[in-house]
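Structures for review follow.
Both complexes shown next keep subunit A, but they swap its partner, so subunit B is in the first and subunit C is in the second.
Right, the complex of A and B next:
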């Protein structure tokens, strides 16, 4: 299971939906593996704004990989430096984002400002690093989701659905 | 022929033997590939995307997503199917053993798109007596809706048992908040392929779906009309060559630009190799 995926997974138990403790799930007894995936800067640029950086930091730290996570999401770093210049309407952009509209030229500019080297390193961490064996544990209800051969078992007993 | 859905629950039907037979059949490979390509065409993605494949099975649908440059996550309830997916080189997606009828365990706005190829009709066969098809459909579509980004689409090709099941499924999608439409390829033939096209839009229930050619908007009223229409004689079957030619004529009259007719008009596309 890729680190990418764990950044989006939540506890499936009904009563955990509203609890902030149910995300991210925590690794236990995890064995790491590497898989090679073609690097695609476009995919990384599409994905990064969605990555929850605090959760990624937590997960990486649990796996002993904290050194591989930059302090901030590179998307935010670019965003901020532009905001300081005062020439971009961050508010309007955020609204456009919330509406799900495709973004104007400013995003394209930002895209180019993130160095490819940083994207490559994050590709390596998010898409090529994963857990083959272990468990994911919910911080709220304690339910353990086993991972075998990289496949997470998210089947719930009926009473927890 | 009896429907697999009526024989056994999916994890038992797709056991080791059946899963291997399914995955190695070149006939099935071709059909699943061409339906996945059709779904991708309907998704109309403009960049490499993060996609959920529901009922991913052994990865026949997912590998088409990889070929197109996307990264996907697959969910399936059959351990045997997932085992085969693990053994196949071309399967790059992250796999989960999960029951779509229990919901979609991802945080809001995770995916750019979702596909499901030949799977969601299984939701109508509840495995045990304490879960109803209605409840499972609701949990599935509510979860799917939440897991998609604003403006995202989902395309579910499925095999409805009858009109009632088709309605039950699309109504559940609409109730979850989706703009929904149904598209049929080879309608009226025994090879008919039904696609539920869903969009996560703001406000307007029909959303982007209404702008897509050949897609029927699903709301209660329209659905009933469509069912009546289906019974009337002499109407061109939606998606048939005759139907497409007529539609093109109409568009031309409205001053729209349409592709010129060719011997391929109204024919299905073959699988991509």
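Right, the complex of A and C next:
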């Protein structure tokens, strides 16, 4: 279970989805693993606006990996410095980013440079670092989803369906 | 039938989930060719897009585009064990009607040959609703996230099955597993019955509209109806 995956997971119980406590899920008894995956700078660059940075910071901190997470999403840092150069539409863009970049909008960001070294480190953290054994726990209902051999199981028992 | 979702779940357990668990390895070796509409949909996505493959089976669509990130899910642990080998993607065990994903985060979703296994119209509409809730809403002139859904068509009179307009829509389709080396040449072939709801023309579009989706494109391809949908603006 990649760290990136947990950024896109919440509790499967319907009534939990509206609670802020259900995202992100919290790791318990986690054993880390590393899987080598090809580095693709364009993929990483375009992926970053889609990552919920607060959730990533929480997840990494629970796994003792907080040192690997920059304080801010590098994409926001780039957007901000661009705004200082006199981009008047910065507020609207920040709002757009808060709700997420759309499919069409992603390509227009490609000209904003993020150092490859930063992308490489985030590739290592988000894609290559994962949990092979452990549990993901909902902060709202307390249900524990097991991770075995790297695969998370999100099927609910009958009484929670 | 609709008033007893627990019974429907039990029925689907017997006639869908248990069957796929049993035939997973064999099923895997017979399904490998991506359908053109699915192939084109996945290839058209920009690098870095994040999406879902709901009911991914053995993960046959995961190799199509390696510059997007797909979280693939299926109820069958046996199929997920096969699907998980396709990096950079991820495979998890989950139920289509109870997806463990936050709303409004995803650029795309596919659900290929999945919701026709749900045994009531309420459950089929609910599956579409569950999928579109995961999509990004339309924003600033963009359509937002898009989902591609494929289901088996009732109208397939030239296929081996020969169904057509007027045929029974809720059917059990036998899967015959021939004996192999492990079971011995003399043991009889095993037959599993899989449940399908066969969609008539216009029915998938209607279900999508009932689920609150906006239809972007729809069509018919190789004995299947398909639709590309988005959230309402």
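One rule holds for everything that comes next: the second predicted complex is superposed on the first by the 138 of 161 C-alpha atoms of A that agree within 3 Å, B and C clash if a C-alpha of one lies under 4 Å from a C-alpha of the other, contacts with A are read in each partner's own complex, and residues count from 1 in each chain.
We take it that contacts are C-beta pairs under 8 Å (C-beta built on N, C-alpha and C of every residue); 3 or more make two chains touch, one makes a residue touch a chain.
As the structure is a computational prediction, the values presented were derived from the model and not from experiment.
Colleague: Just from the overlay, do subunit B and subunit C fit on subunit A, or is there a clash?
Modeller: Superposition check on subunit A flags a clash between subunit B and subunit C.
Colleague: If you stack the two complexes on chain A, which partner ends up touching A:31: first (subunit B), second (subunit C), both, or neither?
Modeller: After superposition on chain A, A:31 lies in contact with neither partner.
Colleague: Is A:47 contacted by the first partner subunit B, the second partner subunit C, both or neither?
Modeller: both
Colleague: With both structures placed on chain A, which of the two partners, subunit B or subunit C, ends up touching more residues of subunit A?
Modeller: Between subunit B and subunit C, C touches the greater number of residues in subunit A.
Colleague: Return first, second, both or neither, reflecting whether A:151 touches subunit B, subunit C, both chains, or no partner chain.
Modeller: A:151: touches subunit B and subunit C.
Colleague: Can A:61 be said to touch subunit B (first), subunit C (second), both, or neither?
Modeller: neither
Colleague: Under the contact rule defined above, give the subunit A residues that sit at the interface with subunit B and also at the interface with subunit C.
Modeller: In subunit A, residues 1-2, 4-5, 8-12, 23, 35, 37, 40, 42-43, 46-47, 50, 52, 99-100, 102, 127, 150-156, 158, 161 are touched by subunit B and also by subunit C.
Colleague: Which positions of subunit B touch subunit A when the two form their complex?
Modeller: It comes out as residues 46-50, 69-71, 73, 75, 77, 82, 86, 92, 94-99, 102-103, 105-107, 109-110, 112, 128, 130-131, 139, 149-152, 200, 202.
Colleague: Within their complex, state which residues of subunit A touch subunit C.
Modeller: Going by the criterion above, the answer is residues 1-2, 4-5, 8-14, 17, 23, 35, 37-38, 40, 42-48, 50, 52, 96, 99-100, 102-107, 127, 145, 150-156, 158, 161.
Colleague: Within their complex, state which residues of subunit A touch subunit B.
Modeller: 1-2, 4-5, 8-12, 23, 35, 37, 40, 42-43, 46-47, 50, 52, 98-102, 127, 130, 149-156, 158, 161
Colleague: Quick one: which bits of subunit C touch subunit A in the complex? Just the residue numbers, please.
Modeller: Residues of subunit C touching subunit A: 6, 9, 45-50, 66-69, 71, 73, 75, 77, 80-81, 84, 87-88, 90-95, 98-108, 136-137, 139-146.
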